[in-house]
Amino acid sequence: MKITVSRKAHFNAAHRLHRPDWSSEKNDSVFGKCNNPNFHGHNYDLTVSVTGEIDPETGYVIDVKILKDFIKTEIEDAFDHKNLNVDVLEFKNLNPTAENIVVVIYNKLKAVLNSNLELQVTLFETPRNFVSYAGI
Amino acid sequence: MKITVSRKAHFNAAHRLHRPDWSSEKNDSVFGKCNNPNFHGHNYDLTVSVTGEIDPETGYVIDVKILKDFIKTEIEDAFDHKNLNVDVLEFKNLNPTAENIVVVIYNKLKAVLNSNLELQVTLFETPRNFVSYAGI
Amino acid sequence: MKITVSRKAHFNAAHRLHRPDWSSEKNDSVFGKCNNPNFHGHNYDLTVSVTGEIDPETGYVIDVKILKDFIKTEIEDAFDHKNLNVDVLEFKNLNPTAENIVVVIYNKLKAVLNSNLELQVTLFETPRNFVSYAGI
Amino acid sequence: MKITVSRKAHFNAAHRLHRPDWSSEKNDSVFGKCNNPNFHGHNYDLTVSVTGEIDPETGYVIDVKILKDFIKTEIEDAFDHKNLNVDVLEFKNLNPTAENIVVVIYNKLKAVLNSNLELQVTLFETPRNFVSYAGI
Amino acid sequence: MKITVSRKAHFNAAHRLHRPDWSSEKNDSVFGKCNNPNFHGHNYDLTVSVTGEIDPETGYVIDVKILKDFIKTEIEDAFDHKNLNVDVLEFKNLNPTAENIVVVIYNKLKAVLNSNLELQVTLFETPRNFVSYAGI
Amino acid sequence: MKITVSRKAHFNAAHRLHRPDWSSEKNDSVFGKCNNPNFHGHNYDLTVSVTGEIDPETGYVIDVKILKDFIKTEIEDAFDHKNLNVDVLEFKNLNPTAENIVVVIYNKLKAVLNSNLELQVTLFETPRNFVSYAGI
């Protein structure tokens, strides 16, 4: 009997879509306005979903306070009010598209969660654009 | 060709997370503020999702009015403006965590729905915390 | 490693639920207020979700601008500010229930998307009623 | 000491923006897609705000159940699942722009509310377009 | 040149609408389901709006972090995960209707804010019912 | 008889709160994380509200398409996917706090709107923090 427990979080960050090994023209043609060299930014909204059995003792799959703390220490403290390209190690050589960001977040949270819990992460770059990753 | 039809609903209720067989200290340490002996409460938001084939006669998987009525009689009439621990039979001996509530809701709705329809229930305890159960 | 990229869109339209081969009484009994011969209408909200591998060159599964343009040309230009029953070819002989509309939208988008991408479409008829279809 | 009590409601309706005394060209030029002769439609969202003193007996400015019932009988029963141009008397000779609809709603509710209560009505035609009227 | 700065917050609480000096019948007739002796509850959402001049040094009317801290210490710490009738001093002899709660919140915040700032408080009891108070 | 017509819009931008005439310590103490020298960013949401008489010819206070176009040319084209501090002239010597941004937006829109229309602008920096300005 598997239940999914989800927690929403958010962080505000600047970023730029850009490949240094491409010409300026190719970067503009692929990434358009997102290639602004001075950066732009987003309020990223995050939904972290953890699936597992209910612990019959507590009635919890995972204590949401614990999940909230994992998200704070692993993601919010690392990404909030940051420039993803400049301030965040994982994007030094990785273009911070929403797709790449959601994989990074998945991997950081997967590393700290109990291994018998399944994980899915959804990241809203804007209220109308979002991406999901479940590790498969 | 399977379509999922979803209907949102809600109910307002008081609850307390507590195990009578645990000491007061253990209850506080596991359930924190949710163990307030005088109860606290939530506006619970519910999404009920039913999956099946489209009836070629009506163009419906299920008439949403029928689904809305099932949710009203099975869930809203039973839970709305209630104290889950005190007023609702299912939680007399079951701690009303979001996980346990979503399983109770699933079971109550599954019992009245046509058996060839799949069911998934999502329950928001707050706008940022929610749980889902699909019967597996 | 599969990522799902989603884009929200919307269109405003009039419609009526009705079968010309049924009596007026049967139409009223099955479709109720939705059978108003003068039509009623909705702000339809749409979420289009595309699943595939991340292109290692661009960091994209699909460029959201391309997805947005497909939705505009295939769906919004065809359905927005229209009467679905009268103005839209697909519903000349198909009752525009939410279930039938979401299948039509799925088929129109599937035809223009790269065939190695999976597709799921969710259509909100109202903020509380919505349907999903993933082609299976 | 004045408190404002607000209640949200909604109705789904078809409409068309059109003046029969104008040429087809002028109607198209002023009302664009909204002049579709076959109608289009919206999920209209409504916020009704009533301002007055708190009754020291009940602690209410107005019982929200009473306000909800007024909105149902005066507005939802009259407008929901209707074609505003064809089915609703007030728009027989009045173009159903959002501005004109909000004035009609204001006047219908003002007529049934206790005269010592101030009224403001906000009408969302879409999630991004809305109008307000307070009777002055 | 006056700017209004608003901050949203929330708290979860149980409450009951009831007057001990009224008969059980009168309480039921006026307060209906809200008179459940075992309490029910809500996720209360709060918008606190502060109006004043922009400080030319900082570009702030008020530092939102300071406003957030006032809301936390004065309102969230006092009301969150509480039973308003039982646990909160201000409602020992005051019926916790939304109207009365918003006045209590206004008064608690007004006492700690700089006196040259105007204040308005909006309290959502449910997503569809809310009240506002601006001190006049 | 005055009606308010509102239109929502949005733009994504990077910014930094900083005064070059202050020490690094003072900037950090006043602006905290918002002083990150590498910038951070937001999805800014904007509500533009225009108040005036209904034109009896059209039934409009202002054609929302015209209002939408003003917002696009004056605000979205100037601010979207930009670094406010670096790319936007108005903030070359003005700290881009939400308060200062909303005044700049107000002034840009006021200059192009018909002078007999009143204007109010609300700017959401995050879903929980927002500011409003009405020119007085």
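Order of writing sets the chain letters: A, B, C, D, E and F. Residues in each chain are counted from 1.
Here, contacts are C-beta pairs under 8 Å (C-beta built on N, C-alpha and C of every residue); 3 or more make two chains touch, one makes a residue touch a chain.
Everything numeric here is computed off the predicted structure, so don't read it as measured data.
Trainee: Measuring centre to centre with C-alpha atoms, which chain is farthest from subunit C?
Mentor: Between subunit C and every other chain, the largest centroid distance is to E.
Trainee: Go ahead and align subunit D to its copy subunit E using Cα positions, then give the rotation in degrees, nearest 5.
Mentor: 120
Trainee: Select, from E-F and A-F, the pair of chains that is joined by more C-beta pairs in contact.
Mentor: It is A-F, judged by the count of C-beta pairs in contact.
Trainee: Could you tell me the distance, in whole angstrom, between the mean C-alpha positions of subunit A and subunit C?
Mentor: So the centre of subunit A lies 29 Å away from the centre of subunit C.
Trainee: In whole angstrom, how far does the Cα centroid of subunit A sit from the Cα centroid of subunit E?
Mentor: Roughly 34 Å separates the two chain centres.
Trainee: Where in subunit F do residues touch two or more of the other chains?
Mentor: Counting only residues that touch two or more other chains, subunit F contributes 127.
Trainee: Could you classify the connectivity of these chains, where an edge means two chains touch, as line, ring, star, complete or other?
Mentor: Drawn as a graph, the chains match no named shape, so other.
Trainee: Spell out all pairs of chains that touch, sorted by label.
Mentor: The set of touching chain pairs is A-B, A-C, A-F, B-C, B-E, C-D, D-E, D-F, E-F.
Trainee: In their shared complex, at which residues does subunit D touch subunit E?
Mentor: 1-9, 49, 54, 58-61, 63-65
Trainee: Provide the residue numbers of subunit E that touch subunit D in the complex, in ascending order.
Mentor: Residue list for subunit E touching subunit D: 17, 30, 32, 94-100, 102-103, 127-133, 136.
Trainee: Which part of subunit B faces subunit E closely enough to touch in the complex?
Mentor: Result: residues 10, 12-15, 33-34, 36, 38-43, 80-83, 86-87, 126-127 of subunit B touch subunit E.
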